[in-house]
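Shared between the two complexes below is chain A, which has chain B as its partner in the first and chain C in the second.
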Partner chain A sequence: MRRTVGALLRKELLVELRTLESVPGMSLFAVTTFVVFHFALNRNSVDGDLAAGILWVTLLFAAILGINRLFVADADQGGFDGFLLAPVDRSAMLIAKVATLLAYLLAFEIVAVPAFGLLLLGPSLGKAMPQLLGVLALGDLGVAVIGTLVAALAVRTRARDLLGPLLALPLLVPIVIGGARASSPLLALGHHTALPGRWLVTLGLYDLVFGLIAYALFDFLLED
Partner chain B sequence: MISAPAPTSAPALDAPALELEGLARHFGEREALSGVSLTLAEGQTLVVFGPNGAGKTTLLRVLATLLRPHSGRVTVLGCSIPDQSWAARGRLGLLGHEPLLYRELTAKENLRFHARLHGVSDERVAEVLDAVAISARSGEPVRNLSRGMVQRVAVARAVLHEPELLLLDEPYSNLDPAAIELVAPLIGSASARTRVICSHDPGGGLAEADVVLGLRDGRAVMLARAGEVQSDQIAELYR
Partner chain C sequence: MYGKGLRALSISTVVAMAAALGLVFFYAPLEAEQGFLQKIFYLHVPMAIVALCGFVIGGLLAIQHLRTRDARWDMRSYVAIHMSLIFAVATLITGSIWAKGSWGHWWVWNEPTLVSFLIVFLLYATYQPLRFAIEDPERQSRYASVFAVTAGAFVPMNFIAVRLSTAYLHPRVLGGTSNLPGSMAFTFMVSLVAMVLLYATLCKYELTAKHTRAQVRALRRRLSGETGTARRGRSAAPALTASAPSAVGSEV
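Showing the complex of A and B:
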């Protein structure tokens, strides 16, 4: 299993490094959206609930770009068939794809979060960063699991570009709510409030539930 | 009209590599395969003829365990499909219309990827790249290679794990005569593997065949030993 996951992950990262189809697009989208918010709100800075909402909604829509591309090379270039012909555990692909999407999200957030701090956020990100990273990691894990599940479902349909976001957005809304509520105190002026633990637990449970659902369903999505 | 012998009239064979009995597969309302029955012994070659849309590729994909039969009984290398598909995978090699190669990866990276999936060593990768004479360009992305070269890499991929059963869909398409000679030891009769070949070339196909299957509209309209079939009977399938 570990060898298979390693081979799949290496292949994913090599393809992304050669094509640069996902991470640069997601990063550019996020930065552009922050600029649009900056002018649309006609405010120099935001904080608290508004800041958390803008950050998480932008991250969500940027993630959709990556989710839509996740299985395209496999579907268009016979990767599914090549994988299915091998005597390996189908779950290896789920793990590799979740890890790939997680890597994409972390890579694009290295650009997007500081850009958000520079372009929109009133309070400094510095003090909030360690806790914010924890909230982002929990949210990213959920996005990666749900995104992989939905992308695997949508990619073999003719309307995959439409179906992917249509299926993903309702399932990702609880992550946006949990992420925004957990981040809000961190992005408030003074940010001395403790992290709301119940939202972190909610995010963690949501990740776990969808992780189990994805593990149970993924084989069926790959097979005929 | 070409007669379709009953399954019992198929060649009597020992230790069958393939056994199909009443295989049917449909896509929505359309029947892609219907009532296909045959037996193929280990080490023999079945050549499938038929016009476009006759069901040849669907048959190969069912045998490759990529499509589930909707009815009938299918046994591949002693494994019942789809219940024991997992046991047959890894023992068969598929060379279809798609090369199953990532365009952005090099030939070597593609083969190493498949080698990891099949638990094959890097030495074997180098060996098959040499065998299809692609070593010199194995560091180039597949998208930069000509169609003939891509087909050679696809042949290398299909035989990388030394499968017992080869499923070949027009395997010599895009290959020049020298390349055909090059891949012959890997996928030709000299490979000494059980093979199922889809072909539109009556002369070439009959030369390779032990058993001939003619498909039309998803139905087996011809099933006979190669020696009992003439090229003009094959040509009749396409009229």
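Showing the complex of A and C:
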């Protein structure tokens, strides 16, 4: 199992390194979205709830770009068939894809979050960074799990570019709630309050439950 | 065989509905603050409860479909979710009317139940497009079941998450029946039973109609001497491969 996941993950990352299809596009999209937010809101700097909202909406929409592309190569170029012919546990593909998407998200946030701090955020990012990293990591895990399940569900339908986001967004609302509420005090001006623990617990539980659901259901999506 | 018990179910629904409406308008007392407007509570809340339970039941039926691979379970899951969607639209409309009447706005963001209901509705609104976008009937039913299970599990989690996000709660009529006066609680219970019966009857009607149509098609094909499987147009509804009843078939 571990070797299968490792091999699949290596293949995914190698493909991404050679084609550079997802991560650069997601990063560029995020930076452009910050510019759009600057003009749309007519604000030079944001803080608190507004900052957390902009950050999470941008991360979410950029993640959807990655989610939409996640299984396209497997569906169009026979990756599913090759995988199904191999005598390996099918859950390996779920774990490898979740890890891939998580890696994409972390890689693009290395660009997007500092860009957000530079372009839009009023208070400095430095002090909030360690705690913000924790919130982002938990949120990313949930986005990766739900994104993988939804991408596998949508990729072999005729309207996959449309159905993916339509399915993903409502399922991701609780992650936005948890992520935005947890990061809003971190990005606030002035006094720096402690991280609200209950949002981290909510995010963690949501990740866990959806991880189990995806683990239980993923096999059914790979049967033909 | 699918129409069995339909008449009894329909009659009991009509009776229960009439009883519920009678109680709502002539027995239940007027609420002190909201007056007559509060009567919508006996329609809105049972409908919301039935719709949400229908979504979750659709998920449970889908689990059964994934376990047994029997197309009938997929049909039941489809009908449960389809009917719940209709109830959900009605819930959103009545909820909006109630919000306008009592709080002055068509939409209130700090009412967590209403907001979570909208999110659940938006998710389930993609159920039919998802089915419609998959042509192979077997894969369509399998993918739809995966969606139904995921979404069914999402319903309670979403309610918890949205409730957590709203620190400020309105004084609520629907915080359980324990804080209602006895006559109101009784009326509410009768309304809830009537709504459950209405949901069950409508589901049974849809199931019966779908099976009857499949049987009529099979018979018509046999009459015109066609053999093999029928060509099926694109559809979001699950496919049924109903064979014509044998007694009729032998006469033909």
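Operating definition for what follows: the second predicted complex is superposed on the first by the 223 of 224 C-alpha atoms of A that agree within 3 Å, B and C clash if a C-alpha of one lies under 4 Å from a C-alpha of the other, contacts with A are read in each partner's own complex, and residues count from 1 in each chain.
Assume a residue touches a chain if its C-beta (ideal position, glycine included) is under 8 Å from a C-beta of that chain, and two chains touch if they have at least 3 such contacts.
This structure is a prediction, so every number in the text was calculated from the model and none was measured.
> Spot which of chain B and chain C makes contact with more residues of chain A, would you?
Between chain B and chain C, the winner on chain A residue contacts is C.
> Tell me which partner A:Met129 touches in the superposition: chain B (first), chain C (second), both or neither.
neither
> Of the two partner chains, chain B (first) and chain C (second), which one does A:Asp224 touch, if any: first, second, both, or neither?
both
> Looking at the overlay, does A:Leu153 come into contact with chain B only (first), chain C only (second), both, or neither?
Touch status of A:Leu153: second partner only.
> A:Arg198 in the overlay: touching chain B, chain C, both, or neither? Say first, second, both or neither.
Only chain C is touched by A:Arg198; chain B is not.
> Tell me the contact category for A:Gln77 with respect to chain B and chain C: first, second, both or neither.
Only chain B is touched by A:Gln77; chain C is not.
> For A:Ala7, select first, second, both or neither according to whether it touches chain B, chain C, the two together, or no partner.
Only chain B is touched by A:Ala7; chain C is not.
> Figure out whether A:Ala107 sits in contact with chain B (first) or chain C (second), or with both, or with neither.
neither
> Determine, under the contact definition given at the top, whether A:Ala137 touches first (chain B), second (chain C), both, or neither.
A:Ala137 contacts neither chain B nor chain C.
> Which chain A residues come up in both lists, the one for chain B and the one for chain C?
Residues 223-224, which sit in both footprints.
> Which of the residues in chain C come into contact with chain A in the complex?
Interface residues on the chain C side: 66, 119-120, 122-123, 126, 129-130, 133-136, 138-139, 142-143, 145-147, 149-150, 153-154, 157-158, 160-162, 164-165.
> Give the list of chain A residues in touch with chain C in this complex.
Touching chain C from chain A are residues 149, 153-154, 156-160, 162-163, 166-167, 169-171, 173-174, 177-178, 181, 198, 202, 206, 209, 213, 216-217, 220-221, 223-224.
> Across the complex, what residues on chain B touch chain A?
64-68, 86, 89-90, 92-94, 96, 98-105, 109, 113-114, 116-119, 141, 157
> What residues on chain A touch chain B, complex-wise?
Within the complex, chain A touches chain B at residues 3-4, 6-7, 10-11, 14-15, 18-19, 73, 77-79, 81-88, 223-224.
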